[in-house]
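Two complexes follow with subunit A in common, the first pairing it with subunit B and the second with subunit C.
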Partner chain A sequence: MSQPSQAPAPLLQVSDLKRYFDVKNSLLSGKSGHLRAVDGVTFNVTAGETLGLVGESGCGKSTLGRVVSRLLPATDGEILFEGRDIIDIDRKALLALRADIQSVFQDPSASLNPRMTAFNLIAEPLVIQKIGTRASRRDKVLDLLETVGLRREFADRYPHEFSGGQRQRIGIARALALDPKLLILDEPVSALDVSIQAQIINLLEDLQKRLDLTYLFISHDLSVVQHVADRVAVMYMGQIVELADNEAFYANPQHPYSIALLSALPLPDPTIARKRILLEGDLPDPANLPQGCRFQSRCAHVTDRCRVGPEPEMQEISPGHIARCHNLADIHAPIEQKQTA
Partner chain B sequence: MTTVSSLDSGAVAPVSARESLFARLKKNRLSLFGGVLVLLAVFMAISAPFLPLQDPDAVDASSRLAPIGAPGHLLGTDELGRDILSRMFWGGRITLLVSIAATLIAMIAGTFLGLVSGYFLGWTDTVISRGIDVLMAFPYFLLALTVIAILGPGLLNGMLAIALVNVPFFARIIRGSTLSLREADYVLAAKGMGAGHSRILFRHILLNSLPTLVVATTINLGFMITAAAALSFLGLGVQPPTSDWGTMLASGRQYLSSAPHTSYLPGLAIFLTVLGFNLLGDGLRDALDPRMRD
Partner chain C sequence: MDTLMHAPKTAAKNANAPLLEVSNLSTEFATYAGTLSAVDGVSLSLQPGEVFGIVGESGSGKSVTALSIMGLIKKPGRVTGGTVRFKDEANLLDKTPAEMRKIRGGQISMIFQEPMTSLNPVFRIGWQIAEVLQIHREMTRTEAWERAIHLLDRVGIASPAKRAREFPHQLSGGMRQRVMIAMAMACAPSLLFADEPTTALDVTVQAQILDLMVQLKEEDGAAVMLITHDMGVIAEMAQKVAVMYAGVVMEEATVEELFDSPLHPYTQGLLDSIPRKKSRGQSLKAIPGIVPNLLHLPTGCRFRDRCAAAHSACALADPPLQTMPNSTRKVRCWLHHPEPPK
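After this line comes the complex of A and B, so read on.
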């Protein structure tokens, strides 16, 4: 994908973003706390790039995507889009912002209203934003159908008459209708068959080149992210634990969590063996996080320093490569070993 | 890569939900029978002014309480010598009109309340839901009688009374379906496009609640016919000389031993129509919305 040649201002700047959900711990004690779905996340997305956001389910990556696209309110922190704050804005500005940031959802059969035709689904954002006349909308929708690789004659069909991949194409066409600058792709291929996944990913890459799109690509699939992302952010328990360029991340992961995740990735070459790191231990209760590092219960490199506060801070390993761990210097990452036998 | 990929764009699943609805309904013999009964009742109501029927209110003292098959009166006459066949058609017209109108009123009011309370939640939901609870706390008929006691008896007031009694039925069903649909991804997607509340409520949530609503309305029509007839039976609904199946049943009741047909004919009509709506409603529910089975 396109690499920024000069250093343009970031399209999206997120700093110390927090999103807590209130939870009631117990009916009897009446204690309540916060589930820290997103807990102090900072990152930038440069125009034209794809930032891959990976993490296991429940780590807060989808919540982060929804807060950034203003579908969920932020608890605290700052989001700048094109340098302007988008958290404290009035309704009119929010409506305009909606056109610039669009989302593609995981399950296309759930994100498309089953009682609307493909045409009405794709035209809906244009109708809501009062863009164009009836005739110009019609042209735009039919063009969009072709842009995403569907035939114009499909316009009058309902979602259930399409296959999963075709439905996701409609979802993408709908997201493109408003000519957005940033697309939040929330697991856009996870609900699809592997063969269809490749087609949708190719479509997304093609569209990015043609339409100068910027992607926040949320996924739990490290191989998909390796394929599409320019940079990769790893989330664990509401925090980014490692952020790096694609090549640097996959060749030289730093955080023990990243190392463990990558060790589980199947390699295309069967002659290469590698030591898989099995994560043991339980996930901490997200509503009742332990003192110290959030990864301590599952980390192979845990030391006493990790068990007593404060939490590790982000450290820069090389320019653009940061990780959140106390013991980065001591951790060697044995990712690939040529089989000698 | 090419944008049009043959693998993904060629095949389209040839399923059509619309065709299969009627097919599924047709398989269910009982609901088909219910549909025939409903059509019959609707036909009676619509065709009354066009058929060569006698004047339903023409009194003939010389042929009082004529039996079924009496010359000139196919279904006999009532205690004032009025032709029962004609009164069945004209009375059915009133009964159906009142029930359908009351159902529509209850449906519109209940759907609106259910949508609003299930979508906005918070204090809006608390106020509406507690109001609905208050309506439901009254015994069904007592509430209708209270409304009539306030407004006075009559066709329109009776209709309003039974409509009010049935508002909770619709409000609760639609609130439940709204509660689940408001979390749907397509509602989230609509919000992401900048859709306002009314668009989300009506284009997304209501549109997807329609199967539930159709089923609820059909089943409710059965209740409504019984309720309308019961009010008239008590003399609180339609007032003389106009009469519906309920008033016919009430006046015939005094001659139960000497001329039973004067009461069992309208009674049978009520029974078969309600049965028809219930069977049709059950069939529609199975075909459209199996979740509503309780």
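After this line comes the complex of A and C, so read on.
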């Protein structure tokens, strides 16, 4: 974990990053606006750590992952990778960057070309980057298959011949082919059954240690993130609303949205009785956000200050623990109670 | 072996007979590669008002079990055996499709995972609810429409009279699932099948829907068969649980027994694979290997290839689902059988 005093420069520094999408509201009115999928996001990722990025569908977490890996251009803001700006770079520099930042996606059957063999899928990044000879690439691919726990004989099989867990292993091998420093893991285990999910989580943790990898782990699953992440960032409607060390976040969540998320999580223990905080209402329209705090329509602690602008700023609760809320002093998380049987 | 597979009649000594009693249900699917048993002799019984959870991974047969009970198996699938006793009906499997249609939506109803595919996109949601009432309660159009608005209100949809006139695409995922629940509860069924009812929903919306289901179940006294892969949802909702694997029930117990002391190595493996607070910094205890192909099940126990506790008996014969002494728990494993084969 990072030591704030004399820490090395973060591997990834994201400041005030924005990504807007244009939307047409209606054919008749002709009005158009912006959907602010990522709206002023700032965070660092230190080399070797896992930053968990959690949030519900539509909060912008996948868009953020895509902008950081330069699969989508940013609208505004700054991304530094190893201290270098990676937004304003030419094609050649971008190609070189691809070797350092790679992604693994949720659905391995959708992200692997069904007409390519496992061998060609894993070799493709090496071919594109013109790395090695045919023979050296062959050795590398076969080694990668073993690294992710597949047998070398599987190289000539097609994606449909693999199970879901094995396909995700191929997706990971492909992401590792260029010896990246940072992996963007976008819901890497969400499509898998729980027994297979555990295998892939173990593989990812093992690879991180062996290959000195840094992970941005995007997930909707708070239990998985609790297991894998060193620090946790919670996103809501395009913004990070809370960022903290794993222990601090799960033991002492501060933002009312984080508290509600954690209280809604069904725990695999029938003896725990909890007071669930039910969020009222649905998400606001992201193309037409309310004035003031974005969470006001669903927040149990809403005050007049939240309804009139400006939006709450990030506040520091303790070193490394920040949250975006006006009323932090008045909000306390409910405590889990073990039933006395 | 047959006698062991039937549910014990201890529950029947109580005044309340089971609401639903499934015995030896089997369903096969014909494929080009051969016939596979998706459900292979499943026996379950549900008390009135109970929440009975079926938990299992993809391909374990949990959804096919529910569809078989409801008479919704289509070709190339076929229910090949068993009986389904429901209330006074001796066997639902003997009913004609027309008779089953009278029961489904009335006394038995269901909610599925993806409300977008179960709602008709070209009809207003109010009419889709009203249709159920016109068919099963013989209400007039006007009566049924009024009642549909009342039901939408009951499942927590704001301005129900306005919402009733909307189409499914105008609603959020959580609201669509509320509409499905309103439709399922329209005729106050005594049995509700909920097949992964919250899997497609975000965790905060899932909490709302689970709460709503508990509230309506308690008001109407319906029994719920809750099918899910999520052990957390099972722990919060169910009273009894059956763990399915490759078409059979591996273990059946009360929810407290199951989470406190799982007997079957598969159940233990499932619970150990879940990331928890305690597991941080350690590897998860994953179950090695993958779910077997139902066309090529191993001989003997079907979990044997992945089981850490497998021994010689496991290859010799398929263990029966056996009731544990002095208990209502059942487990399908030679480790807990008094006379494993030698």
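The rule is simple: the second predicted complex is superposed on the first by the 326 of 341 C-alpha atoms of A that agree within 3 Å, B and C clash if a C-alpha of one lies under 4 Å from a C-alpha of the other, contacts with A are read in each partner's own complex, and residues count from 1 in each chain.
Here, a contact is a pair of C-beta atoms (placed from the backbone, for glycine too) under 8 Å apart; a residue touches a chain by one contact, two chains touch by 3 or more.
What you are looking at is a predicted structure, and each value in this text was computed from that prediction instead of being measured.
Residue contacts after overlaying the shared chain place A:S163 against subunit B and subunit C alike. Of the two partner chains, subunit B and subunit C are each touched by A:S195. Of the two partner chains placed by the overlay, neither subunit B nor subunit C lies in contact with A:V308.
Applying the stated contact rule after C-alpha superposition, one finds that A:A93 touches neither subunit B nor subunit C. When the two structures are aligned on the shared chain, A:P114 is found in touch with subunit B, with no touch to subunit C.
When the two structures are aligned on the shared chain, A:L71 is found in touch with subunit B, with no touch to subunit C.
In the superposition on chain A, A:P125 makes contact with subunit B only, not with subunit C.
Of the two partner chains, subunit C is the only one that A:S223 touches; subunit B does not reach it. In the superposition on chain A, A:P270 makes contact with subunit C only, not with subunit B.
Touched by subunit B in one complex and by subunit C in the other are residues 163, 165-166, 195-196, 199, 202, 205-206 of subunit A. Across the interface of their complex, subunit B is touched by residues 66, 69, 71, 94-95, 98-99, 101-103, 105-107, 110-116, 124-125, 128-129, 146-151, 154, 157-158, 160-163, 165-166, 169, 171, 174, 178, 195-196, 199, 202-203, 205-206 of subunit A. By the touch rule above, subunit C contacts subunit A in their complex via residues 57-58, 172, 174-175, 202-208, 210-211, 229-236, 255-256, 259-260, 269-277, 279-280, 283-288, 290-291. For subunit A in complex with subunit C, the touching residues are 56-57, 163, 165-166, 193-199, 201-202, 205-206, 220, 222-224, 226-228, 246, 250, 260-261, 263-271, 276, 278-279, 282-283, 341.
Residue ranges on subunit B touching subunit A, taken from their complex, read 1-5, 7-9, 11-17, 184-186, 188-196, 199, 203-204, 207-208, 210.
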